[in-house]
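Order of writing sets the labels: A, B and C. Residues in every chain begin at 1.
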């Protein structure tokens, strides 16, 4: 077991980290917003926490909080004006945000080390910490889904105008969700920053944002386990395709295309034994109306 | 002053290539309401096709340019037939389309890596590319003139197609409302494929133009242009084709000016900064409606 | 008659097209008031202005003396104005009960389940609470929307063409339901095409045409108003979609 863990430690850490990011993206998707801010918010969490460690010797646990809070505040500042923007515009505005963060990280050399990044970071992040964080987050989102607040989110997803007509402040609910998602991205960034010896601007670009959405959509938006399963498969699959390093990218993209075409509700829609532990999509409990794999706009 | 003029010349030639790419990107969005993130990869396919035709087949560049356009157009049509079309018929959500287009981009980049490797390749130099004239202290390269001229030519051809032909009317009807188009007998499926072809061909043209202008072709060159395309899409007013052409030129100019007067490292930030400001000032885009008006 | 809702000189235009051209109207407490008029006369626009989905260009809307024009929809809903939509808008993927429950929770989570069940009982859907709302027959979906609006405990219920798509029996049942709701002390403002229904249930009728008030008063009086007759003869009902 320990031997196995050692040889695959990096993959396991990535699966857990990506699961956390997948949930951050999932939260925005279930309120009908395609956020490409994940990478930028994660970068903010990573740089803030790493700089706190390197320059001020702040304890690791505290840098996690610091990363999460800074990213959440950033999400609040970004979200307040930008969330008013309709669907596609919102996606593009958050894309611009992530790119601006990357460009600042690239050019503010005195602080971020520029393109060379920051090296010699103490590797504090442990697998068990990531596992604990992911488990806690999954449980928290699961609990939210079953609460009154979760029903508010599901109502927004179900029909925004009807939600407003029964007195739900759609803009406020969405902003709070974005702030929560930002905090998660920030903590994930802090973990990622202390995972290896190094961070650089290219670690947190657009690709991070897009991958996070892929985990969620690929896994399925039917419940919080969707993004986790999506992150697992999407992270492990390239490792499994190692036998043909050359064709790996090609195979991987073909798998995604086929998955999108044939499993429009995500991996979760496959009839796996796992499904018994997932929230019902329809029927008696129906509460988790987020269960409709694909949301209406 | 001559520095300013010099940069204007540089900016116009760069911006005209951006405009060609962005016009295709915008056309897809405006006519079919598709945000096709594979468009950057199609651009890369065009650049490689042109390069290989010049290098291996020793085709003259103008001919290679045309063949590259057709090839990129064909690849674009293929993605519609194989992926986006079936996905739409299955009623896939818009987000699924975005994911699929990213996967298509990844696939094309992976294939290009497989075939051409990851090294940066260059167009063989030709005498007219090297030629340059100095007028009033401003150096104008033959290359820049050719890029600007072809860009204007391609966009003029598109304008004629859209404004003065039956086909163009059909495409514009679809942009207005696909259901209306179907009712008045527009062959929607064929026009969809044609729109994909035009968008792909424009991306391919821009691929050759920028490949020659930067003198660099690589499998990853599509990522940067895709971001530029998105920037222009917003600056020009989502789906507004003449707006995109102007915004493309504007972006090229601002980038070159910002390199000249600020610092080269902030070139990319300028475009995104503009996007941000535009979205904040006009949160629904230049031509958007608010939800509250859609009840 | 003290007016619960007072609409004064409300105007709204879209890209130069006039939807409402200075409409004024009063809705009395615990009455049923109907807004009628040919298609495009501004009925739905008026409801959208009152419920905050459109922002009026000018004019005022007072509810219980509070100015609500220009306020966002959720704020207006919390104040006690609940609405339904011309094209049914239920929460996708929700069960019948959950649609109403989430609305009841807007007035606090305590006893929300019981209040939701009560709202379902009023409209006669208590027995099918566990069904998926999407699977309900059309007439029941309309009733469910009314139940969801009722669950927010409004003072005024605003209905946008509640009888659209209903058959004759369903319309009669709807009329009875609206009487029941009024007798609970609620005020009802509705836009409706079906003249028999409107004339049968309304205490007060407002006729609009081209964004202006054509006539207002008791149903019998409005029906005999020559301008109203002309507006309708000029545009027969068949032209309405």
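Here is the rule we go by: a residue touches a chain if its C-beta (ideal position, glycine included) is under 8 Å from a C-beta of that chain, and two chains touch if they have at least 3 such contacts.
What you see is a predicted model, and the numbers here were worked out from it, not measured in a lab.
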Which one of the chains is farthest from chain A, going by Cα centres? C
Can you name the chain whose C-alpha mean lies closest to the mean of all the C-alpha atoms? A
In angstrom, rounded to a whole number, how far apart do the mean CA points of chain B and chain C lie? 49
Taking the mean of the C-alpha atoms as each chain's centre, how many Å separate chain A from chain B? 30
How many angstrom between the C-alpha centroids of chain C and chain A? 42
Which positions in chain A are in touch with at least two other chains? 161, 295
Among all residues of chain C, those touching at least two other chains are 53, 73, 85
Multi-partner residues of chain B (at least 2 other chains): 295
Within their complex, chain A touches chain B through residues 29, 34, 81-82, 84-89, 91-93, 95-97, 99-100, 103-104, 106-107, 160-161, 206, 210, 213-214, 217-218, 246-247, 249-250, 252-254, 256-257, 260-261, 264, 294-295, 297
For the chain C and chain A complex, residues of the former touching the latter: 51, 53, 72-75, 77-78, 82-83, 85, 89-95, 98, 101-103, 105-106, 109, 112, 130, 132, 148-149, 151-152
Flag every residue of chain B that touches chain A in the complex, lowest number first. 35, 83, 86-87, 90-96, 98-100, 102-104, 106-107, 109-111, 113-114, 227, 230-231, 233-234, 238, 263, 265-266, 268-269, 272-273, 275-276, 279-280, 283-285, 288, 290-291, 295
Interface residues, chain A side, partner chain C - complex: 148, 151-152, 154-155, 157-159, 161-170, 281-284, 286-287, 289-292, 295-296
